[in-house]
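We just call them A, B, C and D in the order they show up, numbering each chain from 1.
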Amino acid sequence: MPEPRRYVLTLSCPDRTGIVARISGFLADLDAWITEAAYHSDPVSGRFFTRQEIRCTLPTEELTAAFAAVADELVADAWRVTDDADPKRVVVLVSREGHCLYELLSRWHAGDLGAEITMVIGNHEDLAAVATMFGLPFRHLPVPADAHGRAAAFAELVDLVDAQRPDAIVLARFMQVIPPTLCERWAGRLINIHHGFLPSFRGARPYHQAYDRGVKIIGATCHYVTAELDDGPIIDQDVIRIDHADSAAELVRKGRHIEKAVLARGLDLHLADRVFLDGRRTVVFD
Amino acid sequence: MPEPRRYVLTLSCPDRTGIVARISGFLADLDAWITEAAYHSDPVSGRFFTRQEIRCTLPTEELTAAFAAVADELVADAWRVTDDADPKRVVVLVSREGHCLYELLSRWHAGDLGAEITMVIGNHEDLAAVATMFGLPFRHLPVPADAHGRAAAFAELVDLVDAQRPDAIVLARFMQVIPPTLCERWAGRLINIHHGFLPSFRGARPYHQAYDRGVKIIGATCHYVTAELDDGPIIDQDVIRIDHADSAAELVRKGRHIEKAVLARGLDLHLADRVFLDGRRTVVFD
Amino acid sequence: MPEPRRYVLTLSCPDRTGIVARISGFLADLDAWITEAAYHSDPVSGRFFTRQEIRCTLPTEELTAAFAAVADELVADAWRVTDDADPKRVVVLVSREGHCLYELLSRWHAGDLGAEITMVIGNHEDLAAVATMFGLPFRHLPVPADAHGRAAAFAELVDLVDAQRPDAIVLARFMQVIPPTLCERWAGRLINIHHGFLPSFRGARPYHQAYDRGVKIIGATCHYVTAELDDGPIIDQDVIRIDHADSAAELVRKGRHIEKAVLARGLDLHLADRVFLDGRRTVVFD
Amino acid sequence: MPEPRRYVLTLSCPDRTGIVARISGFLADLDAWITEAAYHSDPVSGRFFTRQEIRCTLPTEELTAAFAAVADELVADAWRVTDDADPKRVVVLVSREGHCLYELLSRWHAGDLGAEITMVIGNHEDLAAVATMFGLPFRHLPVPADAHGRAAAFAELVDLVDAQRPDAIVLARFMQVIPPTLCERWAGRLINIHHGFLPSFRGARPYHQAYDRGVKIIGATCHYVTAELDDGPIIDQDVIRIDHADSAAELVRKGRHIEKAVLARGLDLHLADRVFLDGRRTVVFD
């Protein structure tokens, strides 16, 4: 008898009675051993979401075909079978600030990321040495200020990124607004860390905005990127308490730590197929 | 066609494949509408836990009989069918400190508790006026220091409490050690708030212990009471950050707020059948 | 020798060198025993803030006169001497939701508020019974929708409130916008709890806004009221983590607890003269 | 006129009236510009603590001599003048787990540490490549299990470490108990990260202890090392919420992030002369 393989199955579909029975019956018929299962019925959107971690002796293609039939029957709007032996691929985009890059590369180097980082791309050269130190290819892709140069740069970016076939494209403090066409092209795979507690403090210099407003708690937000700036579906957030004695510069310094932590956690969740899109909201099985 | 009723079904049993399929099939056959469902397979204890909130037209007795057959088939060690129309009953035991009592009575008075508080019992009279103000019966039951008087007091307590047929007996800063026989008698219904972050600072004066040790975070713990003091299964905990300038008295003052919050949240979870015992641990579907 | 009295001294003034030396010298000359002291120099606003808790045998009038001279010398823009024996006074304004009122009244009733609540005023009658239960006067003051009736109601409110000579006027979920003239009249004494993490989700139904945006953390904000809605200086904030399974109604329910906790903490800080205005920001010595 | 230099002055002494006046008068006489000041009088220990960040044109030796006279007058038990231009030095000790090392080296490499890491020492070779990648010297110093070999290894460690003249010796998940004589020798400079929320879960495998106890919150503790294992004065702690679905292995994984964050923050505070020993407790001016 073949060694069982580990799979993650995800599916979202319109909610109705009997879905759990259908899916659990399907898995019982396969003699799949469910090691973790999550379900969510959303009463507002009227959609159903599930994620199943299973062990099963079927090869990927057969399992995928069988699950496709179930997905079809349930009129699934999204579903996926992921083989645990098939590592996810990540591309990281950076500018000048390195704290998020160090975090991702350290986790990858230590074997904690559960994915391959295949390339680092920077619109500045500042962090080339960091990528190189970790043994990763770094591509310098300046983004000119003029419309024409900018369009050419993003055209080159598309080629560079797509050639990597990434499961996640991570904006690790990449200080450029992504053109709407790319937001669309990479929808559900393009992940940003915003250094503010969204929806507060969208746009530039969120820590300075937070300082001026005199808030007592600051935060960071990991979200999918959409054409509307800093408005995409939120994957994860975290906060820290501050006080009147913290200058704006101190907020920047203190915020770095939660930024990198929230980004790493959001990316982890995404790579483990734990995040589902539900309109402007996300369902996260953590 | 009769109006559907709301039920909560809970069950725990030895884990094996096919349980979710069995239960979801059972519910699909009843045409029950599942409004919330949670499942947990524990790889260490080898037990399976589920909680289902459903709407269903069956009367309580019929649903209970049908679910009993499933429970029997799955060799369930615990299961329950709760009719939402049948309010839970709570008895509160207090000594002299009132913050937890105010919290519980305020929630009950505002209709937020989702249960009836049927009696308040105090080993001191200090809080009689609080219970009376809220229109609740207060019984003063002094607990003498000598073994004989103490045994008599607890014997009377058993009669008082059991006459209320409570779903929860809450020690709301009741400063008496409960005899092991009562811990056993009320197992899984006897809930305490410990004013320390267990397992740190068991026993008396936890805030003073925390002050002496110089911790930077203090907490409170809501747990089921067992014969071993402050060692029962934990339902919920919460913490707050403190610093060197906080005196022990200040810790007592700051801690009150998390004590009452954690107790109220733990009691909420218990009353909603969201807490399962798994040896020394709990499974909490929140 | 007379028994020492407890005082709190507060002062804010333009920053320059030697202020701490001047104030600490002044207190040393009085043989005042400093039990707690806090200082803050704000590099952005260029202002200095201090709060001193002292024991001193001087009567209030003499201490006040002596400190006035120091304040004058330092060109203080605000200063105050508070005699601990002189309890602060609080008026509470409510509408229909009671959780904040229960919290404040419970703390007051238990002797934990460190102030007198002298009156509860509601634009609805729903919470009259709660105030009465705690033995406090309740005044029903309906606020009509039409401009004329509304103006008359707020005119009556001014008389009612000012007659209490309150140190704090607390909007404990009072669902009426306060006219700018009253914001001005009660500036620095008018305290609101906003059920959202400001500056996110200003205005109506913040929990529903938070639900729609799909945030992973919600919060509450205690702030001084200014003419600009939900934009006054923030005293304190707190947050809790939520997830996709929490409905908007569940956010409302979970949020109640942090609302009342943040309001009570903010009020505590205000009543203890620990909060200083610094433009749109606050300095909080906690 | 010479360019002003930046200094940090710290002092602790028996509390009495007039200390703040004495110190602030001293600084006013020097025409020192105080950019940040903190004071704490501890009513239990009866000690006074202060930290002053100043700008002042005096050379280090003159300022130190002048402050020594004040310290002498105040019978200070500890005091220090630190010139900001004189970077602190750090030695890091590791075993096999790298997450804390990556964090410290990344911060140092990015220029965020505010100190020099001069050497990494490991009792295993696993992390040699990490130190080398960052361009830092790594020394492999195996610690044999037998008493004799162990004593020899620690003797060599003393020589290695002391040759670096470190301001901090950081146990970044160094899995060896430090001999009491070294705890004494490096008292107040030897910093450990314990992967548990002390005083809970001292000793080995704290996450497994936490799992078995069924706690709902886990934490990490940065503390000075003393001869009593995991019992030294706590510098900082932090926690995260967990639930029943988190295995012990998952706790280890989730805990890594707070371990490295708490260690980095604790080290930051130590290097900035913000941490004072007060018996078993610390005073931390953050």
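Keep in mind that, in the parts below, a residue touches a chain if its C-beta (ideal position, glycine included) is under 8 Å from a C-beta of that chain, and two chains touch if they have at least 3 such contacts.
Just so we're clear, the structure is a prediction, and the values are computed from it rather than from any experiment.
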item	value
Between the pairs B-C and C-D, the one where more C-beta pairs touch	C-D
Classification of the chain A:chain B interface as same or different, half of numbers criterion	same
Whole-Å gap between the CA centroids of chain B and chain D	41
Separation of chain C from chain D, taking each centre as the mean of its C-alpha atoms, in whole Å	38
Residue numbers of chain C (touch at least two other chains)	36, 43, 245
In the complex, chain B residues that touch chain A	17-18, 20-21, 24-25, 27-28, 31-37, 39, 41, 43, 241
Interface residues, chain D side, partner chain B - complex	40, 42-44, 197-201, 212-217, 219, 233-239, 243-245, 247, 278, 280-284, 286
Contact set on chain D toward chain A in their complex	36, 98-99, 102-103, 106, 109-110, 112, 130, 133-134, 245, 253, 256-257, 261, 264-265
